[in-house]
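Two complexes are shown next, each including chain A; its partner changes from chain B in the first to chain C in the second.
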Partner chain A sequence: MSAPSLEAPRRVLAWRPGPVALAGAVAVALVIAGEIVSPGFAGYGQLVNLMRVAAFLGVIAIGQTIVIIAGGGGVDLSVGKVATFAAIIGSRVMAGEDGDLVPAVALALLVSAAIGLVNGLGVTLLRIPPFVMTLGMIGVVQGLILAYTGGRASGQAAPALTSLVNGRVIFDLPGLLFLWLLLGLLAVWLLRRTTFGWNLFAVGANRTAAELTGVRVNRTLILAYVLSATFAGLAGILLLGYTESVFLDLADQYMLPSVAAVVIGGTLLAGGVGGYAGTAVGAIVLTVLSGLLTTLDIGGAGRTVVNGVVLLVLLSLYGRQRRLRS
Partner chain B sequence: MSPLLEMTGVRKRYGGVQALDGAALTAVRGEVHALLGPNGSGKSTLDKTLAGTVVPDSGEIRIDGAAARIGGPRDAHALGVAAVYQQLSIVGDLTVTQNVVLGLEPARRWGFLDHRAARARAAAALDRFAAAFPGGLPLDRPAGSLGPGEQQIVEVAKALARGPRILVLDEATASLHKEQVAVLFDVVRELRASGVLVVFTSHRLDEVFALCDRATVLRNGRTVGTVELAATDEAELVRLMVGDAPRRSGAPAAAARPSPSAGAAATLEVRGLTTERLRDVGFTVRAGEVLGLGGLQGQGQSELLLALFGAARVTAGEALLDGRPLPLTSPAGAARAGVALVPGDRGRQGMFAARPIQENLSLASMHRRARLRLALGAAAERRAARSMVERLGIKIGSLADPVSTLSGGNQQKVVIGKWLLDRPRVVLLDDPTKGVDVAAKEEIYAIVRGLADDGVVVILNSSDNRELTELSDRVLVLFEGAVAEELSAAAITEKRLVAGALRLTPGESP
Partner chain C sequence: MNAPARREIWREIRLPGVQLSGAATVAMLVVAVVVNSALQPNFWNSYALTSNFATFVPLVAIAVGQTVVVLSGGLDLSLGAQVTLAGVVAVQIVDGRLDRIPLAVAAALGVGLACGALNGLVVALLRLQPIVATFATGFVFSGLALVVLPTPGGSVPVEVTTAYRDAVLGVPVALLAILGLALLWWVLRRHRVLRHIYAVGGDADAAYASLVPVTRTRVQAYVLGGLFAALAALAILANTGSGDPFVGNELTLASVAAVVIGGTALTGGRGGAGGSILGAVVLALVTNIVFFADVPTTYRQLVNGAVIIVALALAGIPALQKSPASRKRRPVA
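So, the complex of A and B:
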């Protein structure tokens, strides 16, 4: 053992930024780039707006983070569709009335959780690969949506929901951002300070060892999919509060970005390593990037290419840092 | 004779841990040189700097008198150094031959790689170990289908196929049966006779005395001495390794012992237990008894422990703990009923390499400390983990470090420690001291006896007969999945164990 006085400075030298710090730096760099090409991009109102857009992705990606950490190819492709379905159920049941807000949200979340339960049972008991199971679930939920709406969405957000999401609280920040913060803290607590969270990481890191340590592996996995769908449903409700009325593909486009946000946040697709703070930063990176591309008037193919390139650059950076650290 | 290998002033730091702090090693041609020291003292790290997989922060290596610059495994290979690491590097999907050939640079003929020559070299290297494969050399079988001991032998053959002048064996015997060890030793002796230097690391001192000529001892990354083994006894060697520091297993450790578990004094009764690899196994273990499992390894000992933990498919039979049936259908159920298993393969079955030491230690018992079985208190978890780190003398930097950064023996202590926190009523141990240093072995033995004294049922499988004789009150000798013989306290001697194991397999000799 060497003297502790020697240890401190060396440790600082040995410190290398982790994925979260790197992704955060990228987000800041993108904002600065935006301000340079288009002055006003980094204005207060603009930034608040970007954060608001990021919030929906951020909430959907909570569940995605949980499922990906569980490992074994865990992924939930049905989150976008489930969010859409929850918004559709919610808007129809509350139908613009504050009095029906609570039952509407409860029902929407219950249906979402049930869909997650089916995903979880399929993945564990029937051993269907998560990719296949949740991809198939997209079709099933789409069918349910058509059966439920007859092809035309109806209903409206309750005013209370709208003001909860859009109303300005302090510093002119919308309520949505505080809700995201709250849900984000809940996610971090769930992953880092509960038996469920530690079991989840264990299952993701080494499933055999988890089993032999007495972890109820299947129960943990099923719960992961239930939580994923429930957070997706919640994001759908928040989206409903924002848009006030729904369309049949309201949240569908969040499917791949939710996975991308998790990966950019440094969570390993192989499972067992990661966390929600990174995912939240990942959601912000993707949203700022998308805002920047809109400002630059780059659409379609160009957008896809740039998104892909940013993802690849970040992932190769993470890989490099991991090697350097070990 | 001028030394073949001279390593001096080797330093290597990982984050907050000084793994090597000026280590030195000098050894000559035609010698088997033991590299010894407690867990985490830097043996594997020193081996790796020699083999080029770790680049030291500073230090000098001279081979055959000339300064050697080893920047990577290729340099080491070119200098005639081959190493077998503590962690297996076998690729399970490739055949045994392919594994041995892997990374060998085969001769070139007219510009083409000569695969046939490489195959021949692989076969020749494996052939030296023919006696360790009673069923014939498994040249074309996937390496993943071999037992852990056989894989280890393949690993050694892989190093030999490179025709090294310096061969490094880092705990190569930890997963070998007695018979396989004997084969390996014969090969090592042949190598010594042909002038090869073998650097040999093991925590089994009887092996060290049987095989090695000299020993260099490391402590905290520093070389504390080199001794002639012929002129040294075991006590002296242990003193060199452990130092004059007061022993850990003194009074404080005993005080830290958990109080007898609730409903202590259990009796475990197993009747007609049958699985794919077990035939009608029955026995009774009384509270406070340590039951050993003996016989040739691979006769169903590990399977029996897994079955009692609900991790093997039981087709018939039952186990009663104090007259109440144990759930044999799921490990989670077994764990809740108070059964603990320290499995035989720590990398695959015991630890979560990428997760922090904290979580690895907490996992089995955290539900007891959690509020509403859900909310964990950071301080309580840390306290629990720290208590184990101290009790077992686990050498760590910080509880937040991934368990994969620990030395092999310290990883094993983590795997044992997680169950000791759970206050189990039945403890199943599958080779629990694999790769663990002398001091910690004593500590673990004391803990096992302490558990038994507290009324816990202990079943111990060990590939180390010395461990069985020292700890067991009774030993069941298993053969082909069935109980072949029962030895009681007075009858348990190493000789009897060997005889018991062998008499049952006529036609085979060690």
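So, the complex of A and C:
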């Protein structure tokens, strides 16, 4: 998917496959490679499992996409911790009771949104670079988690949440995948069919021009960070439904993969160009890759190395910046 | 519309002729030292000073390396993994034997050089965005570290660890190491490479037009970053006496925080490692302060994180008064 505007000069390169198609092709290639080295890898149940794992990364990466499109070095490193915190709040408040599900989710999302608000205020009013602001926020949220839990997570997912996430709906697909589809459509609608979305692309493409045409730049940016944290919180809740109980670092490992998924999906880190469809495919690519590496019996160390190398290859397929001479 | 108005306010309170960026960092350091010495009863006692400085050195070294990369307009998220890799390679080579130390040091520096060169190639030649590219190379480095040393272990000659915590004429060796790093930076700063790095980080197109070898300069920046990561690894080995394949993980993000607290702009081209060294010490002192302030254990991290955010915000204040023309839009790189 490409930005709604500013694409005209790129027509010259129209013979190149778009980032989404390219990432999709890579995903398919990885699945085929998996089937070759380990028959059964591309089986229906196995693929559904992979998609389920991809869904969490995919939902977290919705917010990451929004923040990165906003440009100006926009990135949200606190998404992993926020997701963890939301899951911890959720599990403690709902404590395995269906009756407390709604207030628990509401509280978790509210806290997430508040953290996003602080991120947004720091980035806009205090002009702290987003990378650093959200990096500092990791420490604060980790502190909140420790203060809230006293170092030991408690509670449990409500059965309703678990059955919503894990329950099989049609074609033996878990509910989680439909939730992801729903949230993904919401994200695409938000980015391409709402005033906020248009403002976001305008701000990301050229902040000064956006400001001069009357876009409320700061308001758009703050909203972007609030949305990012909220989607992260939502992913945390979904993850809670999947695992049923929480650990203190439940979703932390999604931090940088969420950025990688966005970049593999063709959204520019410079801002103003991109979309969610690419990110979703990027999340699938990353998940299939790590699934494939787990299947290959090469041990943890080798897996980490191969993961890094493949990531580099993927990035060099599309994530390259312009030449100086151009 | 209200953004320019706010900039005016900041301009009014600007002190004429004072470079606020450095001033903010120094002020934070002074406050941190005063608070810390008030809370920690024996802060100025030579034993406490020695052990404090001993733990500061790795972060200081990696912060200097990160500064060089950031000044070039890049960012290195693999520095922590490089520290780990250089450390485990060195500890495997030294294997508790004093005579192998030169070899181990050379190997660590070689690892830093190689890692830096790989990052430089990936970022400068393949033109990948530094934030994701170095994230990916970080995977490679930490995976290799696990191959070299799967579990914490290995041993460093006891002479090294004793010497590291010793003092020369009353000055802790670790403090000398920090001064040495500052001196190293001072020398580098006067070399052509750093001038090129500043030029490329400030405006790559202008640098290119002025015949600065942009690609080579970027590679050199990452190589320098890797070499400082190797120094950080050696400091960790000297401090702890054994190798750990996970030791560097937390250093990466702390190094970026130290750079920002030190007043270096993440957009590149502005700042210096002097500030980052102070920033690293401030970061370490904050942890110390929170520890000695009798904050309940469960709230320690929260207070720590909040103080760091405040420090990051304070360090950013001078940037608020830059004229709009100097505010450049750039990717995080």
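The rule we apply is simple: the second predicted complex is superposed on the first by the 298 of 326 C-alpha atoms of A that agree within 3 Å, B and C clash if a C-alpha of one lies under 4 Å from a C-alpha of the other, contacts with A are read in each partner's own complex, and residues count from 1 in each chain.
The rule is short, and it goes like this: a contact is a pair of C-beta atoms (placed from the backbone, for glycine too) under 8 Å apart; a residue touches a chain by one contact, two chains touch by 3 or more.
Computed from a predicted model, the values in this text were never measured in an experiment.
S.K.: After lining up the shared chain so the two structures overlap, which partner does A:Ala260 touch, if you call chain B first and chain C second: first, second, both or neither?
M.R.: Only chain C; A:Ala260 stays clear of chain B.
S.K.: Let me test your reading of the model: by the given contact rule, A:Glu211 touches which partner, first (chain B), second (chain C), both or neither?
M.R.: Both: A:Glu211 reaches chain B and chain C.
S.K.: Could you say whether A:Val75 touches chain B, chain C, both of them, or neither, answering first, second, both or neither?
M.R.: Touch status of A:Val75: second partner only.
S.K.: With both structures superposed, pick whichever of chain B and chain C touches the larger number of chain A residues.
M.R.: Between chain B and chain C, C touches the greater number of residues in chain A.
S.K.: With the two complexes superposed on chain A, say which partner A:Gly300 touches: chain B (first), chain C (second), both, or neither.
M.R.: It touches chain C, and chain B stays clear.
S.K.: Would you check which partner chain A:Leu146 touches, where first means chain B only, second means chain C only, and both and neither mean what they say?
M.R.: Second partner only.
S.K.: Can A:Met133 be said to touch chain B (first), chain C (second), both, or neither?
M.R.: Only chain C is touched by A:Met133; chain B is not.
S.K.: Touching chain B in one complex and chain C in the other: list those residues of chain A.
M.R.: In chain A, positions 206, 208, 211 sit in both the chain B and chain C interfaces.
S.K.: Going by the contact rule set out above, which residues of chain A touch chain C in the complex?
M.R.: 71-73, 75, 77, 122, 126-133, 135-144, 146-147, 149-151, 206-208, 211, 217-218, 256, 259-260, 263, 268-271, 300-309, 311-312, 315-316, 319-325
S.K.: Within the complex, which stretch of chain C touches chain A?
M.R.: 1, 3, 75, 77, 122, 126-129, 131-133, 135-144, 146-147, 150, 204-205, 208, 214, 253, 256-257, 260, 266-267, 297-306, 308-309, 312-313, 316-317, 319-320, 324, 329-333
S.K.: Once bound in the complex, which stretches of chain A touch chain B?
M.R.: Those in contact with chain B are residues 1-2, 7, 10-11, 14, 193-196, 198-199, 201-202, 205-206, 208-216, 272-273, 326.
S.K.: Touching residues of chain B toward chain A in the complex: what are they?
M.R.: Answer in residue numbers: 13, 15-16, 18, 21, 220, 309, 311, 330-332, 334-336, 341, 343, 348-355, 359, 362-364, 366-367, 370, 373-376, 378, 405, 418.
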